[in-house]
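Letters A, B, C and D mark the chains as written, and numbering starts fresh at 1 in each.
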């Protein structure tokens, strides 16, 4: 009996990155896996194309090629930023699922986010540096600007997997969490234990603000000088999703002026120019796009794919990965990553 | 009508440190407050001593002087480390409560502890420094030793207010928490949602170990080379209570050798000598005894005192502060603090 | 400016049942609402049909009629049991959402489920009746078969909205919850805080079993004599979803024999024949399909519809209601309700 | 080597009731256990009395006899209602702990309390009876007065172990819980996740009120006609602690009049007279003092005693049982139980 065929083009990920040895063995036991370059796909024989049930990766695909993939059921986009390189309408019409696996990054990114929030609230990094330098201040004198996260006001902008992961990690802190997400109905936020709020209120009424919103065509640069000016003096701004939602120069100005503190895992250029002022800025905690890329996260991707393959094999819809939506797929504008 | 008399000798704290303006006003409205130096107490007239209902502070007191304080009901030790400078047996016989207010530090210390755990698990401080230096590594390559706190194995040594605060903050991380505390029955730990364990198991089977035990006569230096050797390679040791429970040289050796990572808020000498190797040690995160001393914590002390005074005034036992116990008061050996 | 047109055929619900006065006012302010009988729809003018954006209800619709509804975006099935009375494939191809609002019943049904579990575990109903009759037993003697829910073993069969609501309500009971749901991947159950298990294990290893599974073509009557025989002696079986998943005669036999206790909100005939033995059976707690039908649940339906209309109006997908899936819509076999 | 001597007079409990076979074996392995009648104690030889370290039970004891018990460290009152039958001041002066084990009942009583609350909110008992009688109403028509516990307003009067257990069980219901307890400071209630409130507010502003307060000299009958009149029309009153805190006739009047619903586990006479109107009263759910007396609760008592004995043997204070307090021991006025 033939096994279902999987077309594998997962770059920049590799199957070895996303599957543990055991999972990879399991994958090959259950499926035929055709590893190939994107530009070779259209040259495959109709017979081969017609046997493809699943694609792992995000290759550019024409409607013509897709039409020849008569058995196609699901495309697992393991890069997870949806590029406009295939006719999504055609896929949706045929009921072919396009799913992303980016949810695996939610937990590691959220943990780094909490680390950043605590570091800024307690000046952890500078205090360690001072200790190294022999200039440390002992006891309460160094805590004049210190603040607890417990019972503080926390804002979250964007409430996808990452916003939810943050909320979960923060449960024990019993904070007052308000959320701005125009794509979600208020009652769903209430059910998740947070308060729905306008962007303006989230900016004005919090001690810590986490930005975990996706970039879309509409929201590029919406966090700008005017937004930062609304924030409480001395409050913390933590950027975890994509730098394009922020006007980065306005952000560094707001930190430079002493109005707010900030931390970021993402930057408008990666790497940033060596002479960029953010590199030496006081009150800015830097992370070189390393929040999500843990090996455990990549291996969770593989598990996610295996679990959804199992459902699909049994004629059920995938549920572990996140489905692209007809309405929003065209709006997403995150840049694809070029490294893991 | 006369108000109850409070004897106030709170050094090194001051009433202004522990009471907000409003709370201080309330204190004076409800009580006569006699502020005095310790060595002046015994010279007070019998009549005055006989009117003292409460003491705020931890002055040295002879049994003779205490006997003259016929109305004494409670001593609020706001320094919170019990020194052997008064006849506790005499106090307990008379049913005079001796209470400490150190529980206010549990939450701020626990928050710094979580910050430290996340910083060590994700190399936050060195990654920021590298970014400053222009030597940062982008993406997953810098995460080879990174680990999530979520679902990890976490050990806690000592389970007083601070251990409980840590456990609460960590709820959202869904970690597997095991606790060693020989003063507590196992079922009470189970009820608190943690697993009772031997010291040996806590040392051997965790990714992160928080030390929040008090110093007693029996446990001085019990965390030594042998203990550190039992820890998992690459695991994290976080010292939050008192440095005397640790053999500090053994600790720095264990970090220096690369066996474990560590963070500490307390040190055998404060300040540490300027040439002490811990100041420049890789894998060691330093905090100059600043974990608990937040203004909000001190003000909570004042609230704690006011709430217990209210209960005592109504003939009820104090419940917000922590009572010293006949059995253990003599065993506690924390050094008193000389700064806040 | 014209408002979007809604076709309203919500029987057996009515707009007054599902919308509060305020919500109904809001509905009419934002939409033109055409209330009509199902058999009148096809006779509507093309122009009218072409203006319909949304349908509230589940009218039988031919592909021809649907084709004339060129602006149709979403069908809100407020009855919530999907009948095979419209060409779903056609709808899915066009990207028209078919959503159900049955999630509003999850919480009230779950609450009754917890009530039933506690009543069976503590013999609440018979003890009250005995007290009425003057035959009550005082104190512990009546508790020989009593069991706590706290820390007990609880099984859940089916893990949709209702299974999740149950799990949430039970958090405080710290029970050991295992779940059988073949439509869900194990990791998702783990993330929800429950243990994935086989049907066999759920049956064999629990003190209380909640059945909240939907009826499909495959699972009709799968809980039968063989299943009940696997259950622990004296354990409790609580049926909350649909009676068709159970062989009802086998269930009553298992209760009659004293092997298990049971409670049910659903019955193979509603009303059951007046002489049916379940009416007088000891160890069986009866509820006449009244678990979900609370006014607050119906009003939540209206809120759900309004929130999803708001998203749809802004070009976003509905998220509050639950979407029918191409893969499973044909498998669902719940009977539609004929009363609220 | 001699083992410590325990004097055992646990009536109305027996050692077999409170110790499992294994725990009882452990008890005898670690201790000499002298089982004796109360009136034989004073006749024991000085040598024997002088060897008694612990007492399990609540025998009447004169100061003279106690003085002869020179090694006495702790009295485990397993009946748990403190009777005024020994000189407590003398015990407290000597630092002899008097502890009660009633906390074991908190969880079973709280579970029955939640069962009662859900039964009243959903009319579970009468609906089952109607089904038996063939007069049941199907579907939503029977739910006109139904209410969810989720997100409802819940009041708790008294916040000891039982109030805390209730609060824990209710976590998943996300209710708005307000508490009246004059013996506790407000901040402690806030920390426990509930809102401190006046008695008046608790009565006026809740849908369900749980009474779990102890009886004291001051509060006998404080829940009377005036209190019930303040309650919301149709709200539920659930009495779980002691009937003496309630004016029972006023309570039945309030139920009879249709103003409130009620449930009770305790009654002014136990058993109640066979012709007492509460036996047939609609809107009253009856339980014949059976809420706490589960075998698992009694066995937890034994575990509690064993764990505290272990601490005491090591020179530590007991922590699992609850200590009687000098200030309040004289105020408690629960009647001792005469059956388990």
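Quick note on the criterion: a residue touches a chain if its C-beta (ideal position, glycine included) is under 8 Å from a C-beta of that chain, and two chains touch if they have at least 3 such contacts.
In this text, all values refer to a predicted model and were calculated from it rather than measured experimentally.
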- Task: Please state, in steps, how far chain D lies from chain A along the shortest route of touching chains.
- Result: 2
- Which chains make contact with chain A and with chain C at once? none
- Message: With centres defined by CA atoms only, which chain is the most remote from chain D?
- Response: A
- Task: Starting from the mean Cα coordinates of chain C and chain D, work out the distance between those two points in Å.
- Result: 38
- Task: Averaged over CA atoms, how far is the centre of chain B from the centre of chain D? Could you give it in whole Å?
- Result: 34
- Note on the structure: The distance between the C-alpha centres of chain B and chain C, rounded to whole Å, is 51
- Indicate the residues of chain A shared as contacts by at least two other chains. none
- Message: Let me make sure I understand the interfaces: which chain pairs count as touching?
- Response: A-B, A-C, B-D, C-D
- In the complex, go through chain A and note every residue touching chain C. 92-95, 182-188, 303-304, 307-308, 310-311, 314-317, 319-320, 325-328
- Item | Touching residues on chain A, where the partner in the complex is chain B | 107-108, 111-112, 114-116, 118-119, 121-122, 124-125, 127-132, 134, 136-140, 142-143, 146-150, 168-173, 270-271, 274, 279-280, 285-290, 293-296, 298, 337, 339-340
